[in-house]
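To keep things simple, chains are lettered A, B, C, D, E, F and G as they appear, and every chain counts its residues starting from 1.
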Amino acid sequence: MGYKKIKKDQLKTLFNELSKDCSLFVPSGSKGYVGFDPWDGNSADFTEWYGNTTIPPKALFFPPVEAMLRFRKGEAGYEIEELLPNGRPQIVFGVRPCDARALKITDILFSDTYRDPYYLKRRENATIVGLACNEPCDTCFCTSLDISPGESQDVDLLCTDIGDELLMEAVSDKGEDLLSKMSGLSDASGEEESKAKQLGESAKEKITRQIDTSGLLDKMRSSFENREYWEDVSRKCMSCGICTYVCPTCHCFDICDENNKKDGKRVRNWDSCKFPLFTRMPMENPRHEKWRRIRQRYHHKFEYFQMNFEAIACTGCGRCIRECPVNVDVTEIIGGIQAL
Amino acid sequence: MIYQLNANVRNFGETISELSGVDISTCYQCGKCTAGCPVVMEMSHTPNQIMRLIQLGLKDEVLSSPTPWLCASCETCTTRCPKEVDIAKIMDTLRILALKEGYKRKEPNVVAFNKIFLDSIKNNGRLQETKLAMAFNFKTLQFFKDMMLGQKLFMKGKISFSGDAISGVDAVKAIFERSKGFLDKGER
Amino acid sequence: MENRLKEEAGKLLKEGKVDYIVGYGKGTVNLRTSPLITNKEEDLEGLVINPFIANNLSRYPVELKGRVGIVVKGCDSRSLTSLMQDKKVKREDLIIFGIPCEGVVDLKKLAGQIGAEIDRVTDAEKEGENLTLQVDGSKKTIPFRDVIFDKCYGCEHPTPLEYDVLLGSEVTPNLDIEKSLEKIKALDDMDTPERWDYWKEQFSKCIRCYGCRNVCPACFCERCFVDVNMPQWVATYATWQDNLTFQLIRTLHVAGRCSDCGECERACPVGIPLRSLQRKMVEEVKDLFGHEVGIDKDAPPVFSHYEATDPDEFMK
Amino acid sequence: MSRIGVFICHCGVNISSVVDVEKLAEELAHEDGVAFSTEYKYMCSDPGQRIIKDAMEEHDLDGVVVASCSPRLHERTFQLCVEGAGLNRYKMEMANIREQCSWVHKDKEFATEKARDLIKMAVAKVRKNQPFDQLSIPVFKKALVIGGGIAGMQASIDIANAGHKVTLVERTPTIGGRMAQLDKTFPTLDCSA
Amino acid sequence: MEESNWEPKVIGFLCHWCSYAGADLSGSARLEYPHNIRIIRIPCSGRVDPMFILRALQNGVDGVLVSGCHPGDCHYQSGNFHARRKFAVINRLLKYVGIEPERVQFSWVAASEGPKMAQVIKEFVEGVRKVGPNRLFKDEKKDGE
Amino acid sequence: MAYGYYPGCSAHGTAKEYDISTRKVCVKLGIQLEDVADWNCCGASPAHATSEELSLALPLRNLALAEKQGLNSIMTTCSACYNRLKVAHETVKESPETLDRINDIVGEPYNKTLKVTHFVNFLSEEVGLEKLKEKVVKPLKDVKAACYYGCLLTRPPELVTIDADPENPTIMDGIVEALGAEAPDWSHKTECCGASLALSRTDIVVRLSGEILKAARFADADCIIVACPLCYANLDMRQSQIASRHGVDYSLPILFISELMGIALGVNYDELGIDKHMVSAANMLREKGLM
Amino acid sequence: MVESSQNDNIEILTYSEVEEVGGYIGNFEVKIRKKARLVDLEKCTGCGTCYQKCPVKVPSEFDMEMGMRKAIYVPFPQAVPNVPVIDKEHCRMFTKGKCSICQKLCQADAIDYEQEDEIIEDKFGAIVVATGYDLFDASVYGEYGGGRFKDVISGLQLERLISPSGPTGGHIIRPSDGKEPKNVVFIQCVGSRDVEKGRPYCSNVCCMYTAKHAVLLKEHLPEVQTNIFYMDIRSPGKNYEQFVQRTMEQFGALYIRGRVSKIYQRGDKLIVKGADTLAACQVEVEADMVVLATGITARHDSKEVATKLGIPYDEFGFFTELHPKLAPIETVTSGVFLTGACQAPKDIPDTVASASGAASKVAALFSSDRMSMAPLVSTIDTSVCSMCKACMEVCPYGAIQEEEITLRDGTKKKQLTVLESVCHGCGACVSTCKSSCIMLRGMTDEQIFDELMAVAQ
């Protein structure tokens, strides 16, 4: 279908139109942090200021708190009502390439032998509209993980900011479909196409932070028993859950039942391997010490996930580096392992 | 005397309590009010008897008694009552109620005095003592009462027949109009 | 200053007087510093002291086993003293390096002033009343007091009250209480339901990452009450109701311990104005009991004792 | 699931005239964890206690809630009652539906509703009650009597005569108190010394 | 519950030694007070954890009354003094976050003060009635979605 | 600063000399009095015997006017006026609902800011006995002045009393002693003279006033000191009636406290208006060398 | 008195005050301040020379200030112990710094001006509180002269006048002029049944002691006329009513039903203005003497005593029993018992009965060596304790202590523990513990929470 383009000042009209039949999410900073919020009919200027969100798009598919089912004590035992998502189509606009990749990664997990209906139902109904990065942040290191800030195969539709206009390219059938439904578009010229490519290239060059993934699997394995190393790097960690909660690929959750004798619900909520109580057993905590918890997180991302699913559970979005109150830096830790 | 008590025995007392804000059932008849009252020898019912009669619900007996009209409002009873009963306030309430319900005046002079006094204020804003005394004597048909005294006062320059009215008379009149309880149905 | 610190700290490690040095090192993100905790002499070269040393390090000695040499600013030192009152650290286990502090740069404020340029700042220094920045090779000056944390305007003890080595000379307080309490004043001026709606909205954002709790030096419990499940005081998951309840109880728990270091608000990834809660309680505790946090290390914690003359008028 | 018995007392008519005890007994039987529920005229009486003991045996109760007067009055009575039937005394709770319900409220509907809540609260509590053994502490057999007036002197003499040591503390220089000031005492007009 | 026939539901945490006994005394003296209060007996006002108050409010209770012995009269010597410190701060905090001050009340009532207990409960329930049902923690939407 | 002054109706009639001497004395003491403009009658006893609202509204208008005038206190010499003003003030202070109700009736809002005092406690509190002593030029040596307080200055004690002990007030005694006179302890300080029945049941008044005179004579008093026009009216003006009814002519001079002060402070006898009394005080004063 | 002083099991500490009470039933730890008497109890022979020669005269408290005593004195001749005490406030050695007459005269060398207060610490299993009462101070009755009239006296003052060992040697005379009274008025309910004076209760004893006074007065002065103003005659004790009737019938007392409104002096007479509500009239009595039947009030310092002992008191300051019907002697503090008028106005038979009651409670408690106690105390979950020790600081009993344990691997660990017998179960530690690691048995957070939830939903 080729490249299309839309004037940025037309975005508002476009969004209003799109949001008629589906839930549209766009980046917004109205709450004091940046996240994907339902389109409020108003501010479509996110392309101007937005680097990346604080809370990754995973929250739209795997919300921080989700009631899974409701139960009620009836005459003949408990009656159970499953609380599946309503299935309304969603469009998420402005997802960065790294986060789009992250969704692909979590897709693997949630559609493995156990197919998670809550996540997948939302995913199936969602169209991801990507937005290429022209100005990566200084915490970004996606290029180390085979992600390019200017292009993405993980989205359905990719936009590139080329000045006054957004260039659009359908990547998947869903994207094709969406593009065909959009009004106010015009065909893009070849010059504009190449400008987009050029922007992508220059963005790539701006990214200086990196990790070296070559031979990392072996290095990780051998670092497991290196207690001293892990103690050293974990010392400043405060054991909060910020890095895991802002991580686009972290997906650990806890399930608990809330009941008051007669009725109640089962709730799933985010959990973090940084918490001392994480996966606590009846008698003992497998990772009582902080360094064990830190080790767990990096081993999971760079070793276990790779072993199980042949992918590294990190996309170089840099959120964990940016949000950590004490500046624990994944690139530093992985770099340290490589240097061991 | 025989009085008959029926189920409504407490109604009158409750009415009085409500009007006066003084709980009538508090009185335990110690008689301290009577013991200190300066005018008790003129009274047909002593103050504690009045309290008792109210407790017994004997409305007619109470409201036609001269006792409330003889009360000098000196508040000795109220001050010393061990149960903190405001007896003076009850006397006020009885007077107002008796007027309102048109009971026969046992002390007509007192009623007349109060009326003339207030009329004077209503019409002038202030009390004019001379006119008050004259109007009172006229009304109560005691034309020569205190005649000698009046003469002497006149000599001392204490009696004047000119008015001492204020500019806010209308405001004072309005107060009279708006105040509740200022009812006199005349005698029954 | 930096050199003296490196020298003294090195001596302490070498002579075995301390097991760890806790100070600030350069961060991996532009302008930021990061806690530097080490028992190796060679790491001490990385120690820095500059106007970006935001972290409150006083929490670390609670966890570390052994004797600790620690670098503290005014507010941090009061946290540390409060921890002594709570018997979480012992004065004799600490060698305290005090930094007289004229304020710490709030990077969010700085970003607000210079925008994305913040990523390109190559050097930053405090020169007199200004912060001088090198951006893309050119020099840029910003009034220092425009970009420091709100808490710093209300800092009555910028020089640590408790120290062994003072790095530099004492700083006299440069108070602008009004500015420091601006947000609190705005809240005070609201009517009751407005305030509730405000906090309700703020706590709908909370994702319960516990960043606020975990960075807080006054939150030292082995087990936090949120993790108690008999009874389940607070649901483990993040609904605004439980988020708010969690934070209110946390606020009560740290009341009388909070030195207004502002770490909770700085850590919060979703921007909840937590300092507006905590600082308010600092004011209230002072007003009610005349108690100031972290002044006297030998005094009992404010809720472990009482005066017969404590305020009573709110009681019926 | 716990097996709690709920025993609602009428206290003559003290409770039952305001609280619909029959209705409550009927309703509470369906409450979670309640295995048995009944009402009786005087729970504290012998027959009342018998009802509790019998029900404990018959329904194998592991917790007892007595809804009656203030625990300040009869807590011990019922603790001993359940202990007599083989249950630890701390597995009994009382719901105060007299002093704090039927005696202070007139509206029957509301009072009954409140009584139901109070009993439900006691049931909720007793579910988590645990059995405890009594502590045993030594008794130091010496008494202190404060005040050397007639009361203090008489108490001292009686305790001393029972064979125990007494210390009598008097603030003034002499014992005797007020009574020493009296000449004679009524009605016998004895001298007071 | 329907707005029109709403009746406040309030919890009273009463110290066993004073206020609870005071409430018993109100009973013995047949001093009527609003039925809306549900009393939980506690050993001492010092036993009251702020959590009790917040959890009660969060679960839809319309008001919480905490009552202990007068200062200096604590059965356990100092429990109420410690409690008073806590209450003073709770009081300020709740007000600050926008909880109507009428909903949470602290009082000193001695065992002999039956009439005062009745009066305190009466005034408290009236105050709660005035501010209306506790919708503080109510959600507009159901959680989960 | 000026003190609000409420003279009351009698000051313009039967108790002219009280008003005259009060003003003189205040000048001597350096106190500036400012009359409440356009004041109205306080309603005295007929008002509260007729309507509670009236009995509060009439005095409250005066208080509202004084407040409007910018005064922060209001002083009156008449015990009855003081009683009514003070009761009204205290009543509305206690009950905001009553205040609203009465404000509506009066039409002028009263904001409860005034301090309501009687001349006597004004003297002892605002002026002070020490200052009074300093100002005395002619000490009242050998004068035995029985202070008569009556009912309205002391009752009901919780609202109006000017003294710690309403049963045995001594505040006036203190003033009189400051002037150099002797104030004997006597039995009828606070007994009622029957004021409100003065015209309607003169017989009662004559009896009660007679008992007061008798008690004063028993205490060997040279004169009775009053602080109220009504007490004065009964004790002085009715003395001849008492004499004929009781068969005893007490000839006991009745002096207003301001008059006694005037003498001690050196105000000219003629300027005080003492000659307006029915029972002449001239003899007594001459005997004591005060005239 | 003599009986108690001669009993070997009784140790009498006069001129002493309880300073501090700690511990709990069976194990009270008490500090008693033995005030400096300045006279050696052991050496003094009770000869009396010292107080005969002492130059300082002070109104006697014992004689209700109707007579005088010296600065060194024995309150009354039969005092136990019969050893004088020096009143520092008035003794010239202390006011002026010289005198020492008594010391010089004392043959036994018992006077010691240097003597200091002594603190005795002792352990007790039970405490009986018998601190008694104060008489109502009638001076608040301004209408009765407020203490200005010498011949208006209180009942207890009359007792001293009648007493053969009293200031007048049993001769009843008017305090003002020493004349024998002819016409005496008694006023009852002074400081009793008087809401206005803050004493709404009945003092229980005045009706009867007034009747007794009327009888004794008549016996001493056959010419006297007694007039008794009363409201109700309360004589429900055994033989009491007969006694009252005899007072009227045989001893000619005139009972007048009504209160007195005013007393004033006229010459040497007291004019009593009262009412007779039965005759519906005012009564005026020209009396020589008026006796006020002042009521019983709690001791002025009863609240401090209560606080020391941890027992509640009512609005008037009387100590509150555990239950008015079922536990009239026990208090909320186990092991502390009440007797006498510190609890409520009581007459002598009631007082003696309650004293024996308290004694039997003590004896029952002492009947075995150990007693059982409720185990509802705090326990600490040391695995989650963060050792901030806030609980230790708020515990009023010091029941929480630090202990060191040895773990299985041989390492030592410090932790906190609750001493069960010392803990009273107040729960202050529980609510102080921020991480909820202390539990109060029988009143756990969970239980309270469940109770709450049972109503909340």
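A few remarks follow.
Here is the rule we use: contacts are C-beta pairs under 8 Å (C-beta built on N, C-alpha and C of every residue); 3 or more make two chains touch, one makes a residue touch a chain.
Given the structure is predicted, the values throughout are model-derived calculations rather than measurements.
Here the chain-to-chain distance from chain C to chain F, counted in touching steps, is 2. Any chain that touches chain D and also touches chain G is listed here: E.
Centrality by C-alpha centroid: the chain sitting nearest the overall protein C-alpha mean is E. The busiest chain interface, judged by C-beta pairs in contact, is D-G.
Chain E and chain G have Cα centroids separated by 36 Å. One finds 75 Å separating the Cα centroids of chain B and chain C.
Mean C-alpha position of chain A lies 63 Å from that of chain D. Shown for chain B are the residues in touch with two or more other chains, namely 76. Multi-chain contact residues of chain C (touching two or more other chains) are listed as 225, 233, 239, 303. Within chain E, the positions touching two or more other chains are listed as 21, 38, 40, 50-51, 55, 72, 78, 82, 86, 143. Within the complex formed with chain D, the residues of chain G that make contact are 1-5, 7-18, 24-28, 30, 32, 37, 62, 64, 74-76, 78-81, 83-85, 122-133, 156, 159-160, 162-164, 166, 208-209, 211-212, 215-216, 237-240, 242-243, 305, 322-323, 326, 339-342, 348, 351-352, 354-356, 358-360, 362-363, 365-366, 368-377, 420-421, 441-442, 444, 446-448, 450-451, 453-455. Within the complex formed with chain C, the chain A residues making contact are 31-33, 35, 51, 54-55, 64-65, 135, 137-139, 232, 235-236, 238-242, 244-246, 254, 256, 258, 267, 269-270, 272, 275, 277, 290, 321-323, 325-329, 331-332.
Across the complex, chain G is touched by residues 86-88, 220-225, 228, 230-231, 233, 253, 300-301, 303-305 of chain C. Of all the residues in chain D, the ones that touch chain E in their complex are 70-72, 96, 98-101, 103-107, 110-111, 113-114, 117-118, 121. Of all residues in chain G, only 141-143, 145-146, 148, 264-267, 271 touch chain F in the complex they form.
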